[in-house]
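There are two complexes below, and they share chain A, which is joined by chain B in the first and by chain C in the second.
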Partner chain A sequence: MTEEKYIFQAATKKKLVIVGIVGILLFVAGIVLFPGAEHHGEEHALISVENTDLVASSDETPAATEGHDAHAEEAHHGSSTLVKNIYSNLWVNNVYFAGLAIIGLFFIAIQYAAQAGWSAGIKRVPLAMATWLPIAGVLMLVSWFVVGHDVFHWTHLDLFKEGSDTFDKIINAKKGMWYWPLTDNPSAIPVFFIGRMVLFFGVWYLFFVWIKKQMLAEDLNGGVVHWKKARTLSAVFLVFFGYSSSIAAWDWVMSIDTHWFSTMFGWYVFASWWVTGLSVIALIVVMLKEAGYMKIVNSNHIHDLGKFIFGFSIFWTYIWFSQFMLIYYANIPEETVYFIERLSSSNYVWIFFLNLILNFLLPFLLLMTRDAKRHMSMIKVVTPIIIVGHWFDFYLMVTPGVMQNKGGFGLMEIGMFLIFAVVFLFVTLSNLAKVPLIAKNHPMLEESLDHHI
Partner chain B sequence: MQATSSLRESLVTGGKTVHDVTQDICSRVEDKPNKTWLGAMTLSLITLGIGAYAVFMLLWDGIGVWGLNKTVGWAWDITNFVWWVGIGHAGTLISAILLLFRQKWRMSINRAAEAMTIFAVICALMFPALHMGRLWLGFYWALPLPNTFGSLWVNFNSPLLWDVFAISTYFSVSLVFWYIGLIPDFATIRDRATNKVSKAVYGALSFGWDGAAKTWMRYESVALILAGLATPLVLSVHTIVSFDFATSVIPGWHTTIFPPYFVAGAIFSGFAMVLTLMIVTRKVYKLEDYITIYHIELMNIVITITGSIVGIAYITEFYMAWYSQVPAEGYAFLNRMAGPYSWAYWSMMTCNVISPQLFWIKKIRTSIAATFIISIIVNIGMWFERFVIIVTSLHRDYLPSSWAYFSATRYDVGVYLFTFGIFFTLFFLFAKFFPVINMAEVKSIIKTSSEKKD
Partner chain C sequence: MEKGQNYLVGIFNDEDVLLKAVRQVREKGVKIFEVYTPFPVHGLEDELGYKKTRLPIAAFLFGLTGTILALTMQMWMLGVDWPMIIGGKDFVSLPPFIPVTFELTVLISAFGMVGTFMVVSDLKPYKDPNLFDKRSTDDKHVMAINLGNNSLASDDIKSILSDVGAEEVNETQR
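What follows is the complex of A and B.
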């Protein structure tokens, strides 16, 4: 019963390819149908006009003017709205799917560090998800050089030119965060920022390789030595992850809204990644089970996954609420600007509330009862809601900072999400097929087989 | 019977049988108080007496006897309040959250930890009550009661009022949870009682528990429901305590990370206090087979994790004070590190961030002496954390002409001592008259998780 191997069948591949093609078609359709796409020549003039309007209209909300003179200037440098839209969207998916990979590793590390027994049978799924890590790293690095200038306001070097009318005192004072050691003379390449990105993905990947090595060696050799080594590695990884996940969130997401700051933000991004990762793990486990694999997984294990998803949906909401409520209550313009941007634009306000409905209300109500958590059919309903819901969460973290009030949601966004999802699943499933599906020598396997709650 | 991996260490050592458990725990209740206990009790009553004098003077003369001034209007009172509430988190965390996570090792420590929670919350409640100066009016100021003082009404917008609701709810649920857990054990003591008085007293306390299968079934479902209720409550309590500061616009107080960071800090200090108490209890009552080195090691790991989370939060706050480029915010943090109260800041950093990292070394986290010392250091550090947040953020406000320095008077110290008196008096009474370990629960793991007799 514990000897199982997943076969990534041609039929599954075909389905994925079809979804991928649909994604591409939607993406192309989105470009063709993009409002204003036909008058490419006039684009620049049009944007500057609209931007002036934006500055004028935002006078009503004093907080929103903060940093907007700089934004108006951005139109001169920036690409056309269409290209910016694509770039912004690309960055959302980069961060979102990188999160799924890192959560794959984080989940495994937590299981080892906490000496969990129940999960022994399902650990190969998050392990396969983590194989996306190096791809995510390369994708993010390469796409940064493509999209960086449009996504990250602080890459505009004229912000740092003292005396020029685009000079920004605040951003200039904190440029060391990105440009160190070239702080006095920011160049086109933010060495410190890029260095951190490479370091984080590099170290995460190394830990992934090391932990995976122990897990696979255990299949061959048995015993508890590999388990113990993996546990030590996991503990060290978790320490590194504790710091790197927060800093990554500041770098890759928070610095898009360059003036804005919130101490909670690192944990907010983590909470969002974590609950999405749990949902993807649960969904893949359920799909595998329905395809006849994972015979040792029963409703008790599904129950545990369900509890995790239920609990951490509430946790995400807790973090969301704490951040929102404290900023709302203190009502300091430097901080409220973030939420005003998202609440005062008709492009985002519906997503703002949808975010709470998909990521809190629905999982909370649907997974409340014991039976709901134990039934695969309910997991199959709730996890896609969360997976889509948190994509919107990341959309809302990234887009308004890049697009101001012009960010839209349409076929293009759906298309690119599908493309990313298909490639991610391709990598995950083909790697899942390379190793035994069940860790037959896992020292906790017996506990997992006997698991009853 | 559930399978247990060979990797798991025994939770009960010495080959105990079910009868041994009853014997070992009940005899502490049945024996005459020994000299150590009498000595400890006398000491806590003396502390309580000294403290009571300070409280009397406080109520007689007013809170002017404290060292507060017009700039620092909150100091030891709120520091002590937050400190005690924080300590109060461990009990519920152990009994509710670890129950939900099915951590069996909680079973021999949950009873005492829950008792500690209740006593710590009682101590915490002293401060909001006493700092009003006029206790007899406190009810009107703290509770939304109809009154004849005109428009006097509580401010529902204030997190201080949310605190009143959160903590009183938390106290009630913790008390009920703890008491329900005690009922089967009281019944055991009742059944063994030889004299009439204890039979009557423990009989009344056990609510006529009959040990029938149906009764046990109800007991278990109630425990699970209360655990489910207590989990969000335990998180909400310190969240709301953090709102007391974070909703304001005072640099050093207003920061969004406060809620989860306060909760982590609370668990951190709570576990440290559990360790301080349990190490003494296990020694005096010879409970080494129930509270093993492994239990101590696991609690130390929890301390390291929560201590590291707190450490990350400190660094985040500090970094964000710079990143925000808000001058007042940046100043508040520099002032913490290098201002007149830098001694408090560095005490906090040493005790909270550095000392728990020593537990990475297995020798230290399995050493009873080292654990005992570090557990006390951690609680000193957590007291300083609140002091740093409260006093250093207040003492240099927006108007340099009103900058001031706060120094504690003997009444600040005296009222703090008073709560120590309450805490230890209650804890020693508990340790003598109540079963300190949950016998019923420990018996349930004897078969799977205990060391077998050779």
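What follows is the complex of A and C.
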């Protein structure tokens, strides 16, 4: 019973490849059918009109207008709408899937730190998800250099040059965070920013390797010494993760809306990552169970995962609402611009409300009863809703800042998501097949077997 | 609980013995009135064949009551009875109502649940606890069987209880 190994069968691989090909076809179709690809000339006019609108609608204090006038973002925009669309799409998926990987490690770490017994039988699933970490790091780093100015407005050096036409007072005040050390060399990279990205992925990956080593050594040697070492590592990792996940959220997501800031944002991105990661873990566990694996997992464990998903869907909503209401009530133009961008464009307003329906209303109502959390069929309904819903959440964080009111949702977005999902699943499942599915010497396996709630 | 009924009371020392005993006694067709344990015994409610509690439904309805009450209260107060401009918002605007709505939902569903539970479980202040055996509050598990509900003779049930591991079997009336 405890000697179990997942076999990544050819049939599963074939299905994944087919989904991947569908993704590529949709992506290509999205590019070919991209609306208004020929109307490049009109773009300037359109955007500048939109910009005036924005300033007018949030123009309540002279200081804000000054900040927005100076910003003159559109003077810079280089690539065509299509390319920008692809870039922002790429960045959404980068952040989303990097989050799934880091949540895999985070899940394991909190299980160790809390000395939790119930999860002993399912820890190999998040462990496999975390193998995406180095790939996510490389992808993120490479894509950052690819998307560059088109996604990250603050990478323009002249914004920081006092006296230049495009000098931006607000962005200049943030130069220590974004552009340090500042040089006149136009091909210089923001060393501090890139350094943080490398540091975070590097340290996360190191902890992943260390914790994984202890988990696998435990399979061979038994005893509690590996569990204790893993717990210590996990505790240290959690402290680092607490800071790094927040800063990562500011760097990779919040800095896209360069003028805007929110003190809730670190939590907001974490909450979104966390509930998505939990849903992916639960979905993979349920799928494995239906395929005949993981016999030691029963409805009590599914119930715990369900409670996690239910609770953190509400947590995400709490964070979402806290951020929204403070901005709504304070009504400061620098802050409200974020929601005006998302609510005043017909491209985003439906996603804005869909986000709340998919990520709060449906999980809240569907997972409310005890039975719903215990039945695999309900978990199989709710987790895809959340997985898709939080993709829209990240879409809404990234795209309006990159595309202004011209971002759309279409075949290209679906295609890119499918491509990323297939590659992510390929990495996860092939790594899941490499190690025993059940940690047979886990000191708390017995507790997990007897788990009853 | 009706007065003047005869009960058989089996005393058990170990919860594993108790769990097995509950199953065996029910398999023999004896109806168990209630089992009292000094601490929660996992799986006991399944063995006793308890019906699923409907308390969550009550909780949901109480919560819904709280939500509706809170929203109508705020809309009436700030929209009809005493309109006030706060932060330049509309008189009736949803976002500032959410925190109060949330709090009242939680408050009313919590109070309602506790109240419902006390009524259903017949709990109230100054209630006579009506213990079959005082040791069920200390270190023994107590199984009570209402003889009036069972067709088997008292002596037969007594021997069944001893067979399944009861330390002692007493007969009481209450």
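Heads up, the rule we're going with is that the second predicted complex is superposed on the first by the 406 of 453 C-alpha atoms of A that agree within 3 Å, B and C clash if a C-alpha of one lies under 4 Å from a C-alpha of the other, contacts with A are read in each partner's own complex, and residues count from 1 in each chain.
Everything below uses one rule, namely that contacts are C-beta pairs under 8 Å (C-beta built on N, C-alpha and C of every residue); 3 or more make two chains touch, one makes a residue touch a chain.
None of the values given here were measured: they were computed from a predicted structure.
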item: When chain B and chain C are modelled together on chain A, clash or fit; value: clash
item: Partner chain in contact with A:Thr232 - chain B first, chain C second, else both or neither; value: neither
item: Chain B versus chain C as contact partner of A:His452, first or second or both or neither; value: both
item: Touched partner set for A:Val224, first chain B, second chain C, both or neither; value: first
item: Which of chain B and chain C A:Ser164 touches, first, second, both or neither; value: neither
item: Which of chain B and chain C A:Ser262 touches, first, second, both or neither; value: first
item: First, second, both or neither for A:Tyr329, with chain B first and chain C second; value: both
item: Partner chain in contact with A:Arg370 - chain B first, chain C second, else both or neither; value: second
item: Where chain B runs into chain C (options 23-31, 77-85, 131-139 or 203-211); value: 203-211
item: Chain A residues contacted in one complex by chain B, in the other by chain C; value: 325, 329-330, 452
item: Contact set on chain A toward chain C in their complex; value: 321, 324-325, 328-331, 368-370, 452
item: Chain A-touching residues of chain B, taken from the complex the two chains share; value: 2-8, 100, 102, 232, 235, 239, 243, 246-249, 254-260, 308-309, 312-313, 316-317, 320, 322-326
item: Touch list for chain A against partner chain B, complex; value: 115, 117, 169-170, 173-174, 177, 224, 227, 239, 242-243, 246, 250, 261-267, 307, 314, 318-319, 322-323, 325-327, 329-330, 332, 334, 443-444, 446-447, 449-450, 452-453
item: Residues of chain C touching chain A in the complex; value: 42-43, 56, 60, 87-89, 95-96, 98-99
